């Protein structure tokens, strides 16, 4: 069966990104790579994605994980503040 | 099928907002944009929204995600404190 | 259909409260206002509330959201410490 | 119907406790008081408690909320450290 | 019916442990003691444990609570850092 | 029945890792070791893994736990920052 290729858990081995937008994209990637570490079969992943992405509860559950990953990435980047706030 | 237009994951590419109210609105937007990144079909989104927004458990699950996103945004803005507390 | 009136997401546009008790009340309000931002129909809200408030799992799920909102509010208020601890 | 008496959301209106043990007891009380703020009927609460406390998934869900409340209380008390660690 | 003996919520009334390993063991104990505070009947606990420990979703839910407890304990111990990092 | 061998909850008894990639791998290990502390029978674990890893909701739930563990590990490592950000 076709498997997702081997790849790192953390792209570029860093939590530091240039901007919140890039940090958000990294949060999505981190959560996807976790799932690929548990399930490598492409067909299972594709079927699973079709299932949860058409179910509002699946989408909410997935967005919850992204929010938790993003919290870590945002802290790592000191929230991309240009100057200290307050 | 109609798709939601391409858009950034983080509006204005910043977590800094003028007030808690704006930060809360951003938390709602971040969680919506996560979902749009996973599901772009407008019809699926509209149907899903009709489903979870009429189910108290769906509303609670969605409000949980907003709370997690808001925690990050509030920290980024140093809680919009005018002067240091304590 | 009757709708909940328009109102801010964050009452008084501030996370700062006079006491933990007020902070806790704000946590409850924030999570309610999130839900009202997703569902404005009073009848749907009233029915949903009757449902989850008679179900221990619904009450636990809702109390979880309150706990997450409160964590943010407590941090914003530096935990209402009168003097630094330790 | 019998209702739970009116009471504050935060006992003694403070997150500061003498010890981790007291902080843990406060975490349990905070989560209970949240639930009482949503459901005041004693019979509903008693029935709900009989239900979730005999269900491992209910107990796990409730213990999750306690863990989240405790995180806030522990931070408020600077983890009851006698002297700074490290 | 046989009941679990009375015991504190926080063993040794402290979050400070000698090592991450001990901190992890404490996280497991904290979550167990929460559950014992809600359900003291040994038979109910034994049956519940047999149920969730044979169900991957039960094990995942329980491990989630351990992760949240551990986050608090790790922060309390300043992550057992020997010297400040970075 | 075959059991997973005794092993520590925290490999190398440390949260400090050389890189985000290693920290992510540790997060996965921590959550697995939690589960092994609750269920040692290899057959139950293998069956459970086959079940949740073919179910998108199981994969999302497991990835959520990894995200929470990683948040702690990332904080412990000061986010592997080479130099202070901002």
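Brief remarks follow.
Think of it as A, B, C, D, E and F in the order they're written, each chain with its own count starting at 1.
The definition used in the following text is that a contact is a pair of C-beta atoms (placed from the backbone, for glycine too) under 8 Å apart; a residue touches a chain by one contact, two chains touch by 3 or more.
A quick map from chain label to UniProt name: A, B, C, D, E, F = Hexameric tyrosine-coordinated heme protein.
All figures in this text were calculated on a predicted structure; none of them were measured in a lab.
Contact with subunit E and subunit F alike is made by no chain in this entry. Of all residue numbers seen at the subunit B-subunit C contact, under half occur in both copies; the interface is built from largely non-matching residues.
Look at the CA centroids: the one farthest from the centroid of subunit F belongs to C. In this assembly, the C-alpha centroid of subunit C lies 16 Å from the C-alpha centroid of subunit D.
Chain centres here are Cα means. That of subunit A falls 28 Å from that of subunit E. The multi-chain contact residues of subunit F, meaning those touching 2 or more other chains, are 61-62, 64, 68, 71, 75, 81.
In this entry the chains close into one ring whose order, counted from subunit B toward subunit C, is B, C, D, E, F, A. By the touch criterion given at the top, residues 19-21, 23-25, 28, 53-57, 59-64, 66-68, 70-71, 74-75, 79-81, 85-86 of subunit F touch subunit A in their complex. On the side of subunit A, the complex with subunit F involves touching residues 8-10, 13-16, 30-31, 33-35, 37-39, 44, 48-49, 51-52, 58, 61-62, 64-65, 68-69, 71-72, 75-78, 81-84.
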